[in-house]
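Down below is the structure, laid out as structure tokens.
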Amino acid sequence: MKLLVINPNISQDVTRLIGTEASRSIRPGTELTLATAPFGVAYIETRAEALIGGYATLQVAAEQYRQHDAIVVAAFGDPGLAALREVLPIPVVGMTEAALVSACMQGGRFSVIAISQRIQAWYRECIAEHGLAGRLASIRALDEPLQHIGRVQENQGDRLIELSRQAVEHDGADTLILAGAPLAGLARDVGHRLSVPVLDGVTCAVTQAQAMVDMSPATPSAGSYAPPPTKGCHGLTPALAELVGRQPVA
Amino acid sequence: MKLLVINPNISQDVTRLIGTEASRSIRPGTELTLATAPFGVAYIETRAEALIGGYATLQVAAEQYRQHDAIVVAAFGDPGLAALREVLPIPVVGMTEAALVSACMQGGRFSVIAISQRIQAWYRECIAEHGLAGRLASIRALDEPLQHIGRVQENQGDRLIELSRQAVEHDGADTLILAGAPLAGLARDVGHRLSVPVLDGVTCAVTQAQAMVDMSPATPSAGSYAPPPTKGCHGLTPALAELVGRQPVA
Amino acid sequence: MKLLVINPNISQDVTRLIGTEASRSIRPGTELTLATAPFGVAYIETRAEALIGGYATLQVAAEQYRQHDAIVVAAFGDPGLAALREVLPIPVVGMTEAALVSACMQGGRFSVIAISQRIQAWYRECIAEHGLAGRLASIRALDEPLQHIGRVQENQGDRLIELSRQAVEHDGADTLILAGAPLAGLARDVGHRLSVPVLDGVTCAVTQAQAMVDMSPATPSAGSYAPPPTKGCHGLTPALAELVGRQPVA
Amino acid sequence: MKLLVINPNISQDVTRLIGTEASRSIRPGTELTLATAPFGVAYIETRAEALIGGYATLQVAAEQYRQHDAIVVAAFGDPGLAALREVLPIPVVGMTEAALVSACMQGGRFSVIAISQRIQAWYRECIAEHGLAGRLASIRALDEPLQHIGRVQENQGDRLIELSRQAVEHDGADTLILAGAPLAGLARDVGHRLSVPVLDGVTCAVTQAQAMVDMSPATPSAGSYAPPPTKGCHGLTPALAELVGRQPVA
Amino acid sequence: MKLLVINPNISQDVTRLIGTEASRSIRPGTELTLATAPFGVAYIETRAEALIGGYATLQVAAEQYRQHDAIVVAAFGDPGLAALREVLPIPVVGMTEAALVSACMQGGRFSVIAISQRIQAWYRECIAEHGLAGRLASIRALDEPLQHIGRVQENQGDRLIELSRQAVEHDGADTLILAGAPLAGLARDVGHRLSVPVLDGVTCAVTQAQAMVDMSPATPSAGSYAPPPTKGCHGLTPALAELVGRQPVA
Amino acid sequence: MKLLVINPNISQDVTRLIGTEASRSIRPGTELTLATAPFGVAYIETRAEALIGGYATLQVAAEQYRQHDAIVVAAFGDPGLAALREVLPIPVVGMTEAALVSACMQGGRFSVIAISQRIQAWYRECIAEHGLAGRLASIRALDEPLQHIGRVQENQGDRLIELSRQAVEHDGADTLILAGAPLAGLARDVGHRLSVPVLDGVTCAVTQAQAMVDMSPATPSAGSYAPPPTKGCHGLTPALAELVGRQPVA
């Protein structure tokens, strides 16, 4: 099974973190291809950045999907997820959705531990869109500017554990989600120091991507995830034009 | 990986259907143990029957969980799911929850195809409890008394496909869930005749159970899924008493 | 009018507390029969214990319902309520549902005062299932291990009042529900020390049970609370088999 | 026990229907006082008419509450209910709220049978405000202009039964609520012709009013149903001024 | 364009505050008529007072609507809004609804700053009825008795700013609504001292009223906002009788 | 006042329709600038197309916002709306949000009339994200492939009116929203043939944009709509980089 894991951000450091954790999470026989957004920002924490990252992810996916069995969108908040899912004939899984459904299957309510104050609003909206606001115990977030997005775990590890403990003790979290690709791998390191299950978004995403391939659901030819109706397009990359437009307008 | 698949009903025929589909859905290296409820009803379609089936499932699980890595509750509606999850130190997955989250990861809305009119109310309530009422396009169900619970697929196959098509065409279903253990395996047979992805509850459940084992989340020692506080009990099977009571009352 | 009040726990002490408060709450002419679960745990605070208690309650109800006009399920969380209601031809009322609807008829929002930290998650889920999460101001709970379930009121009375006051002052409670059968009768004793109406679950349940008998709604022959379709069963008590199965399987 | 039953409409005919059904629904020892709105419309089917009826009801209640133990607002939609409850030291029960909670205690979902097309929007909004939209199976309504509001039952009885049957067969109603004071008493007459429990709003309201008096919850001195803060008022009836204003402005 | 701005309270001081802010908010060419409720209370903070204020507003509107192009209900909580809208052929806008939708168009979540503790429950219910509970970050309110309703801004200005800052810093407010007609104009004065947009209910209401007139939507002849069906009435002012009754009963 | 109206699609025909209706909807003194997406598809009806259109709109807005007082995103579904609002210091209004809030201010429930079957799922999701699913009576849509996106009104006018009437008569719509920029101007032409108010998305959007400028809310320096934290970026247009990145990465 071949998985294409796309980092919607431009940070190669974060792609490496994602790749390391993804490698530890896949089953034997699964092959990983890592891709980094060709344009965008260092890390996504706003709705605007998510839009940019989503479009970059769509371009990457259009270019490379044919060689893969499934795609993982490797940024919390799942930029572009519904769009990719709508136009691609293979399963597409996002870190947030995968983490949320995996947390639900642990039972009870979950808290999300996030890397910045600003990012919380966007996360809250994502969770609400999945209909899971009632399962959210809390979001707790770091409150200092990030020095280096690739070293958040080292620089802020103790604080992240402290936030996690507060979520369990004060907010009633039954499960913790360490959110955001910059935290990839942290759950594996610190899980034993916490008293409830700790989920890693990258682990959840590649695991659920494998599960979706295992189920091999058919590509729809009806409904709102069937290939879009044919229409004119302009200014798209050839690969994307082929997916969404089919009749490039001169 | 060893999975214990428990049929909360007493029908050996249905256990066989579940076993056949589960065998086709697992990965190499996964071993299945099938168990049938030692008491209960032929098939569950009401809240009362779900209570009985849930208790039977809890007894079986208490007896056999030590030899397994995860448990699948193999009746739609997930009788006893939260209870098992709360007291067992291994992942527990239900057909409904697994099918719902898998359907969500296909995108859009799902319809549920059910084996009897009566069963619909209970299914609707289950879906609402998961917070996913907004994702439900419709429930459509057979409207004739079932002759033989182990042969619903043969006797009603065309009608089930017809109901599925109506769900896509009239209700806006983006995914179909063929619900209920008696339909185990049907999706595999008829999926190609339908225009949207068709999910099989047994397939979803064993696949998600494997995924949960892959993630190996820790057993909680805090929160509402930690082992229950110690207290007196009476009249339980020894295995169950050990799990929920710990101090059997004379 | 004859009411059967079933304690889903095995604690005779709690049955006595229930009986005392129920006796003070009924109208002249109403007769009470008290029953204690023949198996189960000392008191229910988890989903697993609720499943056990629910099954025990169903067995008791099946055995004894013929001699009564209505049944009260006397544990907060209403273990087995929907199941009993589905198979019995007489009204069945639970402490939680009765307290919630009675609180709603006081207007505004209610807080629930509970006997243990652990019990809160289950209560929250029960309230949400009734669609009343928007009416819940807060749940506040004792945070020490219970020494003796039959003497919580004596041992923790002041603390319970303190929690109640906090719910009014800090959480905006318009009504208080003292939840859990071990607190039966406490509202009557301490109501004058609190500034909003205080509801006792047992009082609410027997009062609403009487109200349901007064209304004498017909037993449904259609819908999802009609008697379940006939089907084979095995291993049930004869009384229960008659209710849910009708055709015991050899 | 003394109940004041206020018809928020000006129709004496409807007050008589309410009185007849209320008399059949109360327990021995309960005394009824009937009051008719001193101003307003023949029957309420819009939000504007509900505002008028609510104000008229508040005036009647302010004048007469001292001689009673509880008040029933006897129009579906409960005009003025929250207002009365907020300022009066005795329980106040509305037909809609009482019917909805009573229907919930039957289990499952309910349908509402209404006397006019126009009235449906207002009913739907009332049910949603109670948080019970998820329990509503359907609203079905007469579609002809009403000839005489006091004779709807005679003139439209068969049609009302037909609508009720459709709600059970097509909409999945587990309980029926015959809504609106003009239908008072009909459930008693036609219940045996329908296959699910049929609730009469007047019966539910007087029964729940008696239940609230039985529980004798204290009048709050805190929270949002405590007596309103003192403030100046002008142009109110003396009785109302005393309740809401306390310091009539010259 | 002629706007009729109705203060549902009897306080001329507050009408002046409303008028001053409304004058600063309207466009050139818009003419204002101010009206004060002929009966009622000094300021509305309870559901009962809102009922009274709503009825007074309906009377004023019935009397004066013919000379205007739109009506503004100038009390937070929008007393009588739906009723006026239902019977009048011109747009009717309320301070709360206008402020909520305007806040939504700023993006994210809003907090409401209120003039009394008691008023919060009613505001929360209003917001929930609009379906916007998920957009509410918090309500924060003054906690001292108001000395003079027309001088709240002077007497409590610093405290209101402090509450506003807390809403931004601790509750995650993206927008602030200074709620209640007694605060009319305050946003204009203090907006520069706060770090998120600050909305004034009066400004929002007159602006949205102008917008509705600009759109000139047709008066409905169908649906639940069409003129009510003709029916008998009694005891209403002639203008109101003409609107809701049409056939005054002798 | 200067409004920048951006068509997120590449169809100049549709830009012309938008421009014509916008010109008729603005107040004297308001100046319009029309822009068409520099890349994308002919018209947006899927989530993927909305992502593309949203990114194109963000680029246009970044380039041109300095010369304007507010921006209108002129495609139903509001592609990119939250993103633009987050990074721009001027009000940004979308056709959907503007139409929904305007419909809410008409009272009751609205139906959406759409140009294609496929587009309905995306619209439904947009409405749910605004918390207004409870206000949606129905979506009804054309069911034939569109011949020419700029001539839908001419080719399908009668069918659109027929769908509108069905929404009023069968679905209970109190207001109609003719959705999608290709229908710009139609409401003005056909409103008199329908029995409830008919809203045009373009009219609503420019009117609300003017209203937002009238209110002149401050640009936030806190909360989740403050300018995004500074971070590295790559591959963005200079104007966009300045808005979201500030520190272009080499």
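Per-chain numbering from 1; labels A, B, C, D, E and F assigned in written order.
Assume contacts are C-beta pairs under 8 Å (C-beta built on N, C-alpha and C of every residue); 3 or more make two chains touch, one makes a residue touch a chain.
For reference, the UniProt names are A, B, C, D, E, F = Asp/Glu/hydantoin racemase.
Treat the numbers as computed from the prediction; the structure is a model and nothing was measured.
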Touching both subunit E (Asp/Glu/hydantoin racemase) and subunit F (Asp/Glu/hydantoin racemase) (chains): A, D
Interface composition of copies subunit A (Asp/Glu/hydantoin racemase) and subunit F (Asp/Glu/hydantoin racemase): same or different, split at half: same
Chain centre separation in whole Å, for subunit B (Asp/Glu/hydantoin racemase) relative to subunit A (Asp/Glu/hydantoin racemase) (CA means): 28
Cα-centroid distance, subunit B (Asp/Glu/hydantoin racemase) relative to subunit F (Asp/Glu/hydantoin racemase), in whole angstrom: 43
Inter-centroid spacing, subunit E (Asp/Glu/hydantoin racemase) versus subunit B (Asp/Glu/hydantoin racemase) (mean Cα positions, whole Å): 51
Multi-partner residues of subunit C (Asp/Glu/hydantoin racemase) (each touching 2 or more other chains): 82, 86, 108, 120-121, 133-134, 172, 174, 223-224
Arrangement of touching chains [line / ring / star / complete / other]: other
Contacting chain pairs - touch in the sense defined above: A-B, A-C, A-E, A-F, B-C, B-D, B-F, C-D, C-E, D-E, D-F, E-F
Parts of subunit F (Asp/Glu/hydantoin racemase) lying in touch with subunit B (Asp/Glu/hydantoin racemase), wherever the complex brings them together: 120-121, 128, 133
Of subunit E (Asp/Glu/hydantoin racemase), residues touching subunit F (Asp/Glu/hydantoin racemase) in the complex: 25, 27, 82, 85-86, 91, 93, 97-98, 101-102, 104-108, 130-135, 168-169, 172-175, 191-192, 194-199, 203-204, 207-208, 210-212, 214-215, 217-226
Residue ranges of subunit A (Asp/Glu/hydantoin racemase) touching subunit C (Asp/Glu/hydantoin racemase) (in the complex, touch as defined): 108-109, 134, 172, 174
Subunit E (Asp/Glu/hydantoin racemase) - residues contacting subunit D (Asp/Glu/hydantoin racemase), complex: 10, 38-43, 45-52, 54-56, 58, 80, 82-84, 86-87, 116, 118, 120-122, 125, 129, 145, 223-224, 228-229, 231-236, 240, 243-245, 249
